[in-house]
């Protein structure tokens, strides 16, 4: 289920207005208002589905008369050539909503599909593949939902639900310990404190300061191995920076708890889907 | 210059709220309100810049006290390692706006950079590389602006500023001629009529119906060559469907006027940029 | 059917809030919440109907329990004294929505009725009577829809779906040819280029520059006749400026393709309608 | 000064978006971003000015760099041919905002000019010419402001700041007395109670019920004279229904306190204004 | 019935977004989407109910599948321990909406309950206990509705539906008479004029100026008695400033018509309510 | 500094519209637009200040010409009779914004002042007094900011930045352990898991399940003491339910880490402030 449907409708309305503007010139002129039709949503390549409820909500917002029959649900793998769902309703509304609905679904399923590839590469269930805040502006909740559908996990949603102390914060505070103390002092007790470090000295300082999570930034697998050993379970460890499909397996083997991958949401490929009017 | 700044601010505010929510826990706790700083925006790879005004507007909306010195402007190629601009202002505001500003700029410059690669591949100035409506929901104006910055052109912005008659419209109207006539009859006289065809019979029918533009959908280069020859300048021709860097050159050689590429906006790679606090 | 219902609801909500503010003092105090009633919408003069779906949507947004029986639909001529539709539902909601619903319908039908008078005056089906951008702020889509219901056509919706090169653009570009070239180069290929001219030299220059449409601004019928002859079908011609019911017939006879009339949307008379509670 | 500027900006932004959509194709392509210019706002007919601050706010919202020199202010009569104000700023912004700014000003000044004609016709300063709730949806505050600028007065703004008991309310309450009592009981003590009556019996009943204001609906001048005499100053009297320039003088002579005229805001003629680039 | 439901939904959506943000971490992780449940709303102390329709609207907006059975309605006194209503629907939606729905209801019923105490203390039905504009920002319509449910009355809703002339206005106008005349001249005739005075001279001046209502500000009961006697029914009188449960009875005895109490909406205690899942 | 100013402006605009509606009848009629003035903000009782930036932002949004001189800042104690700040600017804008600005400030300072009383009562710096989600709908960020200004701390902002497992979640999951595991599995790793328990068995189960925080709900001080001892520092402990000024000291002595108090934001008394025009 998709969280916070309240603001989802706003995002869909915005996208529909962007595409419809003052009206669909072609459909309004040609399709009779009373025309009813059916359309099949087809997977033109193998994919992990994410966003099918967003997809159908687009049609629903344009016409309450549209109805849906689903053959797959979010998080499932869909083989190439399969029908994902069938839409029935006013032909005009189906044609007007088509592109907007597909734009949501192709992006979200693209994220889920890419995430699945990373997760499968890691292999171990003990290592979390997580996303970052590098999402498309305005689409963060959907982007991060898609990561979960692909078997990944979420890092913090934004600056408000996690503390991540970086270089600039440490410099401003004077020391890691001071920064951790200030951050913990100001934040709700429901929030953990994560500290970004770049070397083993940083790891030790973070541990001494009582960090809950230590982000190992741009380390080589060798240094990361040492860092993980040094932590020895006293904090959660996260690998970040320059992770790709070529090195994620090696990084996972260091025993790090979490691996964050920006590409999941900033450099995905939209999956190939099509909507075909079938009657 | 970026068009319609009125709605741009809404998109930026939405993105900032998404990231800031009820507040930046780390920065609010650690950075003193009176702290002032400078930050450099660095290109960590060669890229075509797009969105620098959007980037700086993000900071500006969060703090009117931020100021900017630019070394590159939109549409320019930036070599790896170069400083693109320097921001000065309240340190807190710079840190809070950083991710949101980068998310806009990395996506937009990613689109421009990819577009440039396609445009360079085509070589000829007579062939327009254009985008599609396959954009990120809510970001269409920015996505399409970025395409222009990369040397590409825009197809219609949405369903409201162009007529594109597809299969379903033709089926509903009864014939291509009837569909073209209905569409032209209902639309402002400022709008051209484009018809999508899949074979040479379709091309002939479209020509007879007085189409201004003919979209050659998913044709082989051979069939496309015949189609272009058949049209003989009596209408604008557009190649669409399955275009990629491997085949765009061959397609351009058919003499088609326009080549539309969905990947420009749905399957780009964000460019690598970083913001470094320098004082 | 009315285009882009998504933003229509916003306009209606805005209008309802404007009238209801914190509440209808009279109705809330006097009408029992459980009271149900019926109301007839009467044409108190002959008119062309436009906006009946907007009218009923106002009631619907205030109370989902309202229901409607229609005797006329948009675009039809309604004789004086006829019942246009019957509304049934909560009496309170009917009374609260009444004025707002009528304000939409009286304006829109006023536009359609006036347009019909102009169209009938022109007589010929080959000449399009079109509107302008001189609409009531916030109501453009509705104003222009009403023009179509009266048998008129739309000029461009806004600055985004048509190119109209005027004096200032030509001066800035240096020449008509340069302006046309710049405009065509920057715009989607789905958009035509129109050039405003004031004399026969302008017509010739526009033709040479490849304008798709030539706007003949404030010309006498005599000069306009010469302009139309000069164009000889090589471009679409539009008459504009100072058109009224006294001269439109003469202008139509010049053979111009399009006549634009600002008064359709800026100087109409609201039609006389009333809503009578009938039970 | 215009009231509630907070929501004014929303109305202007909405109107600008309506006209600009994703961008001004002509201006963006032709006018250089750095171009600066001046424009004169000219009265092409004699008029009463209303909305000059709204007019300039449109430009200001599009570009903070625009500046204004005013020669007339709201409420003043402007002879034909006069320059009302001069705008200087970025040429692109001036051209983009022009139509939207004029649409506001031409409507508002049209209302003020028409109101002035009615007020002058009445002659007496003791009789208020007032507007109704028959305004353009979304523009009520501006429409009613314009009425004041023309020398008229406002009736209630909406259903929330005045009580007007009509037929249907009386029928639901059982009697005029009961309706007045219910309304007064439910409303803030800052609000007067007005009752609509159609004959002299109604006037007597309203007086007995303690109405503060009595609306004399669609009465002949003769009956109205009797009604005014009957009231004898014990309540404020308002004439309403079918008032026009042909009969308002006669109605004013009955000694009625207030005359309401729907045409002021629903059937006005936009005044003729033009904006000319002067450098 | 609650007035202006149009903007009510906006307030509820805002409150839901505030609480849900990007999603309910606990409920989303634990409660199965298909789980259905029932919950009882219990009064944990005696109270006057206000806002039950707002309460249920919160659930409804989150899930259209929720249904309600009511045992009490707004304005009724509910003994401690009673069940007010039963909600059935998706368990997840019930848990997510719970806090937001209670926050509305506990505040509104707190206002109604406190108002009832003041009203009961006054005893006389001839004296109106009214609220002020000292409401929680964004919640004025709800706060004032709750006052009515507790047996109180409303003062003006805002600055737009009543005239209240205070010190600063009098000083600016030059005299009470001048201020009254200006205010009456500028406002709709549906609005009364109230003048704030601090002593008996002020009362006399207000009477002479034709004030409809006289606000007796911060007077001792003795002075207030003299003021009421002086007015002698020639205007409505309102007591204001420093009213509390200890002195309201004495003030009521002076024969003043209206007593305004800021505490009703700015210093209430939320009533104790709980929602218990019952199946 | 106040977090997320982006949405703060929306809340202020909403509050201003609520009070101003279509305009301030009194001020518009009486105060000359060119009038300039000064006003003093006075503390009419001792208080802890919170919201002074919100207060001045209200004036600023209505008129950019207003200026402020501050004598106290947020978090400071202000003795009765002191001047907190002086505002200068257009008299009309000051009068129009006054009530709205005070409504924000009186509520926020009321919360801070009440929080300070609780915090002082606790005495120990090792015990956090925290708020709850029982805030005024739409004002959560401001309510919680005020708590911090009074020396308190925040609990989670909403359902999105903390996990709090209650009865219903445990019942649905089958056991505390299962609920904790599900919640931790679904949430970002930046978020802690809190479990609500009602007795010592619950405490033990929560400890075994690895809860980060244990909420001791409605326990007697005796049982709470045992619970704290049982936990022995293995988790953070929070006391909740029925906390008031009479028992908070005793509860603090149990050694619990956190005490949450709903009354801070749902049952406060607005502090007494006044704005006096001084020139």
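Think of it as A, B, C, D, E and F in the order they're written, each chain with its own count starting at 1.
Keep this in mind: a residue touches a chain if its C-beta (ideal position, glycine included) is under 8 Å from a C-beta of that chain, and two chains touch if they have at least 3 such contacts.
Here the structure is a predicted model, which is why all the values come from computation and not from measurement.
Q: Which chains contact both subunit A and subunit D?
A: Touching subunit A as well as subunit D, we find B, C, E, F.
Q: Between B-C and B-F, which chain pair is linked by the larger number of C-beta contacts?
A: Of the two interfaces, B-C and B-F, more C-beta pairs touch across B-C.
Q: Call it same or different for subunit A and subunit B: same when shared residue numbers make up over half of all numbers used at their interface.
A: Same: when the shared numbers are divided by all numbers used, the fraction is over half.
Q: Starting from the mean Cα coordinates of subunit A and subunit C, work out the distance between those two points in Å.
A: Computed from C-alpha means, the inter-chain centre distance equals 44 Å.
Q: Take the average of all CA coordinates in subunit D, do the same for subunit E, and state the distance between these two points in whole angstrom.
A: 32
Q: How many angstrom between the C-alpha centroids of subunit F and subunit E?
A: The separation of the two C-alpha centroids amounts to 22 Å.
Q: By the touch rule stated above, which residues of subunit E touch at least two different other chains?
A: 20-24, 28, 140-141, 157-158, 160-164, 186-187, 191, in rising order.
Q: Once bound in the complex, which stretches of subunit B touch subunit C?
A: Contacts found on subunit B: 128, 130, 148, 153-157, 160-164, 186-192, 194, 213, 236, 238, 257-258.
Q: Looking at the complex, which residues from subunit E come into contact with subunit F?
A: 11-12, 14-15, 18-32, 35, 91, 95-96, 99-100, 102-104, 106-107, 110, 133-141, 157-169, 171-173, 179, 182-183, 185-187, 191, 262-263, 266-270, 277
Q: Please name which positions on subunit D make contact with subunit B in the complex.
A: 13, 16-17, 20-24, 28, 33, 61-62, 92
Q: Any idea which subunit D residues touch subunit F in the complex?
A: Checking each residue of subunit D against subunit F gives 1, 3-7, 140-141, 144, 157-158, 160-161.
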